[in-house]
Every structure is written in C-alpha cells, then in structure tokens.
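Taking it in order: structure first as structure tokens, then the write-up.
Chains: A, B, C, D and E, in written order; residue numbering restarts at 1 for each.
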Amino acid sequence: GETVRIAFIDPLSGPMADIGRNSLRSWQFMAERLGGGANPAGVRFVVAPFDNKGSPHESLNALKAAIDQGFRYVVQGNGSGVTHVLADAVARHNARRPEAPVLLLNYAATDPALTGERCSYWHFRIEADTTMKVAALVDFLAEQPALQKVYLLNQDYAHGQQLARHFKEAVAERLPALEVVGEELHPAFQLRDFAPQVQRVLASGAQAVVTGNWGEDFVHLVQALQAAKVQLPLFTYYAALPGAPSTLAKGPLPMPVYQVALHHNNPEGEMGRLAADFRRRHKEDFVVYATHTGIQMLGAAMSRARSTDTRRVADVLGGLAFPVLGGMATMRGDDHQLQLGQFITRWQPVDTRHPVGAEGTDHTFVPQRYIAASALSQPVRCNMPRP
Amino acid sequence: MAMSAPVLTVAGLHQRFGATEVLRNVNLQAHAGERLALIGPNGAGKSTLFNAISGLLRPSAGDIRLHDRAIAAMPVHRRHQLGLARSFQISQLFAHLTVRDHLRCAACWPDGQGYRFWRLLGRQSALNARVDGWLERLALAARADDTAAELSYAEQRTLDIGMALASEAQVLLLDEPTAGMSRSETARFVPLLRDLTKGKTLLMVEHDMGVVFELADRIAVLVQGELLACDTPQAIRANPAVQRAYLGQAHGDHT
Amino acid sequence: MELFVLSLLNGLSYGLLLFMLSAGLTLIFSLMGVLNFAHGSFYMLGAYFAHTLAGLWGFWWALLLAPLLVGGLAALFHAQVLRRVAAHGHVAELLVTFGLSYVLLEVVQLVWGRGPVDYRVPVSLSGSLFTLWDVRFPAYRAFTMALALIVLGGLALWLRLSRGGLVVQAALSHPQAVQCLGHNVPRVFMGVFGCGAALAALAGVLGGNAFVTEPGMAATVGSIVFVVAVVGGLGSLWGAFWASLLMGLLQTAAVSWDLPLGGLRLSQLAPLLPYALLVLVLALYPRGLMGQRES
Amino acid sequence: MARSSFAGFVGSALALVLGLLLTVAPLAFESRYALGMASQVGIAVLACLSFHVLWGQCGLLSFGHAAYTGAGAYLCMHTLQALNAQAWPLPVALLPLLAGLGTAVLALPLGWLCTRRPGTPFAMITLGVGELAWAVALMWPAWSGGEAGLSGNRAAGPAWNGWDLGQASHLYALIAAHTLLGLVLVWGLTHTTLGRLLNAVRDNPLRVPLLGYDPQRLRLMAFVFAAFLAGVSGALAALHQEIVTPEVFSVHRSGSLLLFTLLGGATLLGPVLGGVLMVTVMVGLSGFTPAWLLYTGLVFMLGVVWAPQGVAGLLLAACRACVDGRWRPDVPNAVFLFGALCALAGGVALVEMAYQLPQHGTLGPVRHLAGLALDTGQPTPWAAAVGLLLLGVALCRWVRKNKVGWP
Amino acid sequence: MSGALVVSGLHAGYGQSRVLQGVGFELAAGQIVAVLGRNGSGRSTLARALMGLVPARGSVRWRGQELLGRPPHAIARLGVAYVPESRDVFPRLSVAQNLALGLQPGAGRPQRWTPEWVFDSFPALAARRHVAAGVLSGGEQQMLSLCRALMGAPQLLIVDEPTEGLAPQVVAQVDALLRELRDQGLAVLLIEQKLDLSLAVADRLAVMGHGRLVFEGSANALTGSRDVVREWLEV
C-alpha cells in the first residue's frame, strides 16, 4: 500500500542525454511493472527524474533538491565521477541529519573504488564493478588463444582509468601470454574524430581493442573504424546502449564486437516479456537490466525489513539474496557490491534462435557464455564505518 | 622679461612616420611665466610636436627636457606628475562621467592622493572645494552633473581645457583652445586663460590670430615641420616669410 | 614519413576548414565589429540543413542551398534583432548573439534530436584521391581544401575590388557619416552578416559529414574559431588564413605524434595548445599576428 | 536631479535594500530549498559584483572570470581538506577571506599579463587564461581531484558557540555577511576617486595618463580587487557545495557570469539582479522545464532589445517614469500589460508543448502546465496557444502604435 | 519667394531635452544662408535634424519632397550633403578612399567635383593621398570632410563650422569655394562661428537663440540691429 519515491539523478540533457533518458524510462517501466502487488513488500514505486546534465556539480544541486523534496532513495549510474561525489554527499548528509538517512543505489557506475577504498555504508552497487567485468572478459579471452595483442583505449576518467588498470593487472596475473601493445586514455566526451586513435591502434599491431567507452565516445570510435575500413574486434561493456547498435549496423563491414554485460537482446520467459513490452511502448531496447535488479532488490529488502525506512532497509540489504535474470544475486554486506553473473555476447546477424535485433537492426547481441557470480567474485577491499 | 633657465626645452627634435618626416630638427625653449603660441599652416606638425612633448609619440630623434630632466622616453603619466598637462584639438573626454567628475579626476593627482584611494568622495572637502572653484571659473557649474556626452561642442572643448588647467601643472600645452567657440565665448575665455596661466608656462597652438596676438609673449611659426621663426608678435607680424607661408597678405591685422 | 605526410595533409585540410569558419567570423568582426558568438551555431545549422537537404535532393543541392538558407536566416536575424541593438554598442550585440546560440542549439535539438544524425560524405566523393605509402588520402578532404581556397580567393577579391568593403569599414567608425554620403548602411551590414553566416554554414556542410553532425558541434568549434581569428589578428583575413593552418597543423600533429612529455602525453595537451598559443601571441602581439587594430 | 545621479542614487539604494532583504528573507522561510537558493544567490551576487568591478566600472570584458572564482574554490577546498585532516586551529569561517586574498595574489601576475591592453585583447587573453586554467585543472588530477573533484567537510574545526557551518542556516549567515561586505566594498569603490578613475580608464584610456595616473596600474588594481571578490565567492561556493570540480573553471561558468551580469545592468543594482536572475534561471528554472536553455537564450535576446541598459536600467526607468508621473495605472497600460501576459502565456505553452513532442514515448503526449493538461496530440491546445500569442502581440503593438499613455 | 529648401515648425531634441522649438526658414538655390548663434544654441542640432540624424517633428521640404522621416542615406540621395562639425573622416581608410566613398552609389553623372579636382585645389591632401585619414592633422581632416561631401554632386550643402581649425590662408580658400558653389547654383546652409566670414559670404543670415531663429535678414540688417548682436552674439 505504501508509495516509495525514488530520485533518479542522471544526465537528461547534453551528450549523454540519450542514455540517461533510456535509463530513466527503464526505471520507470520497472517501477510500474514490479511495483504494488507485483512485489513482496507491496509498495508502489515512483521514479522522479532530476537532470544532472552529466556534471558532478549539478548532481549535488539535484541531490539537494531531491532531499529537500523528501526523497530518501536516490538512484544514479551514468558516470563513476558523479557517483563518487554523490556518495560523499550522501554520507555527509546522513552524518549531519541522522534521523532521515538517504540511500544511494548505483546501477551502472563501475569504478571499483566505490565499493573499495572509498566505500560507504549508504552506497549500494547493483551492477558488476570493473574488476568483475574484467574477470569475465579475461576468462573469455583465455579461450581465444589466437588473440595475442590488445590495445587499451579508454576515457580519461575514473571508469576508463580503472578499466585499464584492472585489465592490465588481471592479464598479468591470469593470461601472461596476452600482450597489451598500446594504451591510451583520451578526454571523455571531447573528441569528435577518432581517426588518429585508429591510426595508432593499427600502428601498434594490436589484434583487438579493449574499450570501456560509452555513448558518443563509443559511437565515434566505431565510426572512425568504419571510415578506415578496419575490422578490428572490440571487447567492450557498452555496445548496446542507445545509438551504438545502429552505428554498428550501418557500417560497410560487419563489426566484430564482444560485450560483457548483464543482458542480451533475446532473454526468455518473464524477462523477455518485459523487454518486449518496453520495446513496444518506448520504441527502444531495454538494455539497463540493473533497473530490474534494483526494483527487485528494494522490494525484497522492504518486505524483509517490513518497512520502507531507509535505515531499516539499509540494515537488511547487507547479505540479502534475491532473484535476478539468470539466477540469484547477493548484496555482499562487507562492501555493498552485488554479486551477480555476466554474459559475454557477440554482435552478429539475427537468426531464428535470436530473432530480436538490437535497435531494430538486423544484428543482435548473442550470448556466448554466461559467467556466474561465484566465478566473478572479488575479494573485499572495503572497511566501512557503520552507523 | 628676465630670462631664467628654460622650463621646457626641445632640442633637435625629429619625428618620422615611415617615409614622411613630420618634424625636422625643431628647437624650442619656453621659460617660466611665458606664453608661447605655435602657429603654422595645417599639417605643419604642431599637434605632432605636442604629442611628442606630452609623450603620446616617441620622437625619432632629439631631446626633450622638462625642468632639466630628460623626458623624451618617459611614460606619459610620469611627465604629468612632473608638471606637464595638455588639452586636445579633438576633445578627449570620458563620455559617461559627469563634468564634476572630470575635474575631480584631473585635480586628484595635484591633490596629493597618489594611488591612496580609501577616502570617500564626499569626505574630500579640499578636493571638492577646488573642483567647485573650477566649475565656477569655467562657467560649467550649471552642467556639473551632466555627462560629457550631453555637452555641446564648445562646452566639451571648455571641459577638455579645464581638465588641463585643473591639474595645476606648471607647463600647459593647449591645442587650439578656442576652436569651436563663438565670439562671445572666446572673448570671455581669453582673459580667463591669461589669468589662470599667470606664472606658468603656456604653449598653445591657435589659428585665431586675434587670440594669438592678444595672449602670446612669443610666437613660434612651424612650417612643414621646420621652425620658421620664433619671436615677439610684432616681429612675427612683420616677418615676410611668415606672411607668405601662413598669414597671407590680408591677415596681418586679423581680428 | 607516411605518418608525417598524412598528418600534414590532415592538418592542412582541418586548417582550411577552420579557415572557412574563421573567415566568416573575421568578416563579421572586421567589417561590423560584432563578436559573433553564434558563429559556431551557424556552422551547426549548415550541417543540419545539409543533412536534411542531402536526404531530399542530394549532396550538391545541399552544398548550394544550405549556406544560402543559413545566410538568409542570419540576414533576417540581423534585420529584425541585431540592427535594433547595434545602437547600444558591441557588447549588446555580443549578448544577443550569445542568446541566439542558445536558442539555435535548443531548436536544433528539438527538430533533429539530441544525438548525432546520419549525414555522410556523398558516394561520388567518398573514394580516395591518391594513395601514399599505403595510406589513402580521401577525395573529400581534397574537395574541402579546394573549396576553402576558392572562398579565400573570392573574399580577398571582393574586399579589394568592391566598394561594399569600404563602406562597411568606414561605417565601423562613423556609421552616420557613411549614411550621410548616401550609402544604405543597414542593408550592407545585413549583407555582410548574411555572408559571414553563409561561410560558416558552408564549413558546416563540409565539416558536418567529414566529422559528425551533432548538437555539440557548435560548442566544439565555437571557441577554437575565436582563438584562430584572434591569433591571426581580428579583422585580418590573411591572419585568419595563416592562423587556421597553424592551428590545424598543430592540433593534428599533437594528436598523431603522441610523444610522452614527463607524466603527460602530447595528445593530452592537445586541447590546451590553442589557448596556450592564444595567450602567448596576445602577450607578445596584442593585435594578433597580422591584425591592424585592437578593438 | 540629473539623470545620472538619480540613477546612481536609486540604484545604490535599491541594491543595498535588496542585499539586506536577501540577508533576512530566508530566516522567514523554513524550507531548506529556499535557504539553498538564497545561499546560491548570495554567492552569485558576489561573483557578479566581481565581474561588475571589471566591466561596469573599468570597461574590461573578461571571458575567463571563472578562473578566479575557480581558484578561490580550490584554494578554499585544499585548505579545508588540510583542516579536515590536521585539525588546525583555523576557523572555517575565515576560509573565504583567505581564499579571496590568495586569489588576489594569484591575480597579480595574471592581471599584469591581461591588463596591458583594454578592449578585445583583454577579452581574448582572459578567454585564453580561463581555458588554460580549465585544461590544466583537468590535466592535473592530483591537484584538482580530476573529473570527480575534491570534497571536504565544512563542519570541521572547533564549533564556536554551537556554530559549525554544518547547518545550512549557519552557512547562509556566513554567505550573507560576505555578500553584504562585497556590496558595501563595491559601493565604496564607486564612491572613491579610484572608482572615478576606473570609469575614466573605461571611457578614454588615452586621456588618463595625462591626469597623472598609469592606466595599466589602475586596471590592474581593479583586476586584483575583482579577483579578490571572485575568490571569496568561489570559496563560499566550495563551502556550500562541499565539492570542487574542474568544472568551476569551465567556459560555461565564465559565460554565464558575463551574460547575467550584463543582463543585470551596469549600475550597482545590476550585479545584484544579475545574481538573482542567474540562480533563478540556472537552478530554479531548470528544475521546472526542460526548455530552460531556450528560455535563457530568448531572455538574453529580448533583454537586449527591450532593456539595453539591463534589467536594472529597466527598473530605474520605471522608477523614474513613476516619479515623473508618466506611468500610471490607466487603461492603455493595463491593456498593454494584459497583452504582454497573453503573449507570454501563449509562447510558454507553445514551447512546453513542443518540448513534450519528443517525449511522447516516455511521458505521454500530455503536458501539465499551471493546472492545465495540454494534450499535444490534439490540435486544439496548439491553436489556442498560437491564438493567445498572436492576440497578445497584436494588443501590445496596438497600444504602442497609438502611443496612448505609453512612455 | 519659395525656396528649394523650406523648413517650418521644426522641433528636435535629445531624449528629454528639446533643443529646437519651432524653427522655420527658406533657402533658395544659388544662395548661402549662414546660421549664427552662441555655443549650444542648437545650430548643429538643426543640421542634424535636416539630415535625419536626430528625431524631429515639423516639416522639411526639399524641392517639394518631405525629408523628415526618411533615413539619412535616402536624404543624401536626394542631393543633400552634410559636413559635420566633428569631421568624421574614416580613420582607417586612406584619403583617396574617403573621397571615393563620397561618390554616390549609382550616380554616374558628370560633375566638377572629382578627387582630381580636390588634389589640385588642396595640395595638402594631394601629398597625403594614400595616408590613413585618421592621422591627418586637424585642418587636413576638415578639408577632407568638406571635399568628401562635394563628391556626391549635391544640390544642397549643409556645412557645420567648415573653417574651424583651418589656417587663415585656407579659410580664405574655403571662403572662395563657398562662393563658387553658390555660383554653381547650390543652396548652402552655412553654420559658422566666425562673424566676419559669415557676413562676407552669406546672402542672408539667421541667428539662433532659445531653440528658435531670433533674426533673419541680410548682413547689413544684422550689423544694423545692434540689439540682436548684443543679445545673441556678444558677451
């Protein structure tokens, strides 16, 4: 019977707006579908948008506004930089006004520090972090012995830096045969033309590119590859976000792209129905599966806590297990990092078993492997104070 | 007149702009208490000479001394601090400042404020009294609170000269002070000028021979960048070369 | 060697595109004294118009019509808005063009969406002109370069030969005096503004598909163009030309020769270079490299 | 009274009254939102005042003013972090002034570089310096905290009589005090000879050295003073947000500072109104409508056309018209006002409906506006909005054309 | 007498201040009318109002056409030229370019006043033909401004203080030029400070005061009426 209001703080304008809007729609869709009678606690969820224009600073304004308007649940994901800032601000707020603490659900920001050195009791990550995604990638690369040389091309901010760092560490530890022949961090969302980067990749002799680029930085990269007419495999996280699949499909040559993600385009059962409904309603793909995870998790936690009070919910979240796509997920109590599995998918033409194209194109992401949570789990690096 | 040491000395001054040489070996001396008029045809280089003395131009060659200090390479504001002020042929005013504020700015350095500016305007009674005095003398009191842009042409000219006067410099360079003034204004202005420059050194460019002969102790004639003559008014009036180059036959007794 | 020649050519073609943009800006500034902050927006508008027109009638019509359309709109803007505020000085004009840049950005996003649009190089020009040590030089870049040079020639000729140039230059200091000589100053200004905008739009038509056509393109190019125009010397067409080439080469070079520099790398410094150059040049030559006047 | 002194008097009076109002107003509200807005207004006013010293008083158009607000913010945040880490016996409340002084010191060499020439060279060199500051901050994450910035806890140090700045209202008091201080300082500046000389440098730099003053030195004094105010403003912003990101150096910041100060107007009242407008539009309006940037653009364009002297100028003209009895509540004025409101309503409705169109998918076709549900899928709301707009414009034109009672 | 230029009931001013308050006079072709008056009496404002440079009410008919309400360039194209007291030479253009701008757009009619004529009659300008006008001396600028106005082959010439800052010899030259213009059939409205010059060249004189014309008549009539001179022209 209760209504829980959730503040969605992410870019709804600027270069990342398309992804922000898609995420917002996903949250709202899931809140509607999984709210009320459809969740164990019986709460209704309302997701209200706050535009942070992609900026940490605006995010704080948005957070203030949301708190002033009585929101106690905040969801955010597009940009680890912003997440750091919000997590700090939420911690400060909760210390100053302990009577009404605020919870931050991070549904996409992958910087491991958020649940590592800089973890906070009030921050919960409901997606895999970069260490887990890298672990999945390295697992997969281990099965491709032909691939010997990779190039790391990433955005120069928390997410890209961490991806590069952890990829190198993981490779050094588990795949010494693989050589990182080049590494580059470029300013995020500044470049318009990736031709020089492509030239450098080619010059380095790399056989594949590992990139965490997302949004326009991914689209431009693909365009530059297409313009240079090179078919270099891309190992990436965010090839399915809005705008990317249609760019991939448009090129003169098929692009070999591998993605590590929580989702693919042709899920079965309940999830498949949800995705289809979403697509019908919004004429867009449902790609932010963490929204599903998030609502599921809140419902489960609230039902266990028998309350929507944020403090009580936070208390029961640690160690909570609940069903997600592909199995169960557990919110690890020590660092508030959700333990869940990932798919490795490949970009290929639709076929009878995978009939749903990405973004309405005739290509789609087809699962190659599912790597379970247990195989991805990383050691805890967090030592957080508990209130 | 007793010849004291010259206050202002211009020696061997040359001013070139690219190929054209506008001033050629100009030598001039002005003494304390002397009024020196500079006349000459249009384009002779009178304003250029003023520009060189006041520092708006760096002379190509030659020496300028003020109170026995070489100033040819000195920045403009330092020359003013040594007691040199000038007015402009084409008024140089501060469009949005009131007449009062113009004079206030001009009187500020002589008031000894330097760069120490913490006192509010209303508190500076000595400065304000001085400014009020100047407003009266220049007959600008009625327009004290109007901005320069609102003044008529002649009032703007008056204000331009007024600023030079209010800075109480020992050496004044006035470029065509009465240009644009009506007869009545001129008639009122000339005695005022004589009065205010008593004991100071006045150097002025003027085309109105009436004013020149009324005010000047000596007249320098500049023609094509060269000093043709520098003498008493009577001698200049009689000088045939000057008549040919500048005054014209009919203008020997111009009113 | 091949990298060198290629970046040289890329730098030149980027520089020439910059020149087309800064030529418009310089024209508007040198002739009207207006710091046109909407210049990047005209560039963007040119690209978007070209995208739509190319979809309707093909690239060549777009190349012809988009600059004309943008020029016409800019002229209209001048007649309706800019002319009225001109009396209040250049800062008022600056403010209005700033406002216009916001409005155009929003309108473009409303009409064409917030993401990039698919505006491509026409098939007839998408081949490569020649191959140098295995590296293909795209024909489209050569086409852009040629067009930019033609524009420079045309502009220089116009400024040299026509009285229109004289009229506007004179009107910069004493507009009323020019009017009193029988010249219809507002109309000439309108024409100049329209031409400058059309030049920017032409750059947009050519740059929009060489790079990407998206709402951020105005901002990306906006301040760089200012830097170019200022470094070259505001108001000097030749200055803009050399500064554009310099900037194009510099930036391409910095990006493609990614030397390590202490803890940093040259490519990371690339976005900083234009501004460092700007400060350096202005500190040494306040009028820019070839500028004749200051304000 | 002459026009200029009337404007000066009324302007200063209004500015000080507004400043005072800002100080006490939030005490009347309980809402934290109002308090937050008021804090931001105070900070913005201070920044606009700083810009005003340069532009309004000295005629220097800075395109990179965010370099100085940003420097203040970083100076403050670094000190705050040190305070958080080391518990120095330094009250946090002193940080803004210290940061201001630090910024002024920084501005000395930079100002020397920038102020050598007025006009366009100044504008462009400040643009360059501003961009450089931004780029350097982004490239030097060790110092600037990188994209995520630096954060600190302002409630550090010893609480002083129960005041620790952790409370929003305590911080607000600090901000209000600094804003008033800035207002008084700038007012004072315009009433000293320095103020007059700065005006003189603005109007005709050629003549000033002939009054004994070095124009560059005067410009530099204005520059350093402005940097001080900017630094204080930046530091207060850092305390308010408790975060500083390289974004504080962005051209966007410099741009809005410039735009809103100019929109405010060139008298002392200008920066006050400019600051209020800046926060209203950028923080307030953007929370209400996705079209806020469009409105901002339109406000700038229409503002310059209709209020070339800025909003302050408009207000003063209205005051004067009232005093002179030229503006009275008669029928034509009422009709004009009605027409203007109609046009405004129609225009806003149109814009909002247009912005709804791309969102049909997410939010449905209905736009809720002032209690109305406008279905953008239907022709009627569109027709009504267009009609309202045209009616309003026609009415205003008619009144203007017949000049009945209009000033 | 019905003049080529008929001004009646002319009101003009700046914002709140009303400078002209009902000025009326006539000027025929081949005639010089000199307007005298104290500083600030509004003579320059009169010239600017005729040229459409300040907002004005009343009527200004030139050869039967109403001038008020037209933009300045349209007035210029009707054969009216204006030499402002501030000279307004275009500082960045050369002397020759300044003159070239005076040639009216589209008007190909042959005329006496050409750049060549200027360089013949004013050697000072000839020597500086390719120099930027902004660096000319004050007097040179004055000559240039006057000559530039003649380039458009005007039928009505409005000159505001043409002799200010000119050396006596050049004053005499301008004096002769004005007479020549009159003999060519031009109507000349001369705004002057120098009483003797005005008396010498003008066919009729007008004296301005308090925003109106307080005297209109011949030179003799003016010198005859001591009280007008005393009240409006002397100290």
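Assume a residue touches a chain if its C-beta (ideal position, glycine included) is under 8 Å from a C-beta of that chain, and two chains touch if they have at least 3 such contacts.
Because the structure is predicted, anything quoted here is derived from the model rather than measured.
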Interchain contact steps from subunit A to subunit E (minimum; 1 if touching): 2
Chains adjacent to subunit B and to subunit E under the stated definition are none
When the C-alpha atoms of subunit A and subunit D are each averaged to a single point, how far apart are the two points in Å? 37
Would you kindly tell me how far, in whole Å, the mean C-alpha position of subunit D lies from that of subunit B? 45
Between subunit B and subunit C, what is the separation of their C-alpha centroids in Å? 49
What whole-number Å value describes the gap between the mean CA coordinates of subunit C and subunit D? 30
Check: subunit C positions touching at least 2 other chains come out as 268, 271
Enumerate the residues of subunit D that touch no fewer than two other chains. 293
Determine which chains touch and list them pairwise. A-C, A-D, B-D, B-E, C-D, C-E
Subunit D touches which residues of subunit A in the complex? 12-13, 21, 24-25, 28, 51, 55-57, 60-61, 64-65, 67-69, 80-82, 84-85, 88-89, 92, 96, 157-158, 187-188, 281-284
As the complex stands, subunit C meets subunit E at residues 163, 166-167, 169-170, 172-174, 176-185, 292-293
In the complex, the residues of subunit B that touch subunit D are 54-56, 75-77, 80-81, 85-86, 88, 92-98, 101-102, 104-106, 108-110, 113, 115, 117-122, 124, 127, 145-147, 163-164, 167
Can you list the subunit E residues touching subunit B in their complex? 14, 17, 37-40, 44, 85-86, 124, 128, 131, 135-140, 142-143, 161, 164-170, 172, 193-196, 233-235
What residues on subunit B touch subunit E, complex-wise? 17, 20, 39-48, 89-90, 150, 152-155, 176, 179-185, 187-188, 207, 209, 246-248, 250-251, 254-255
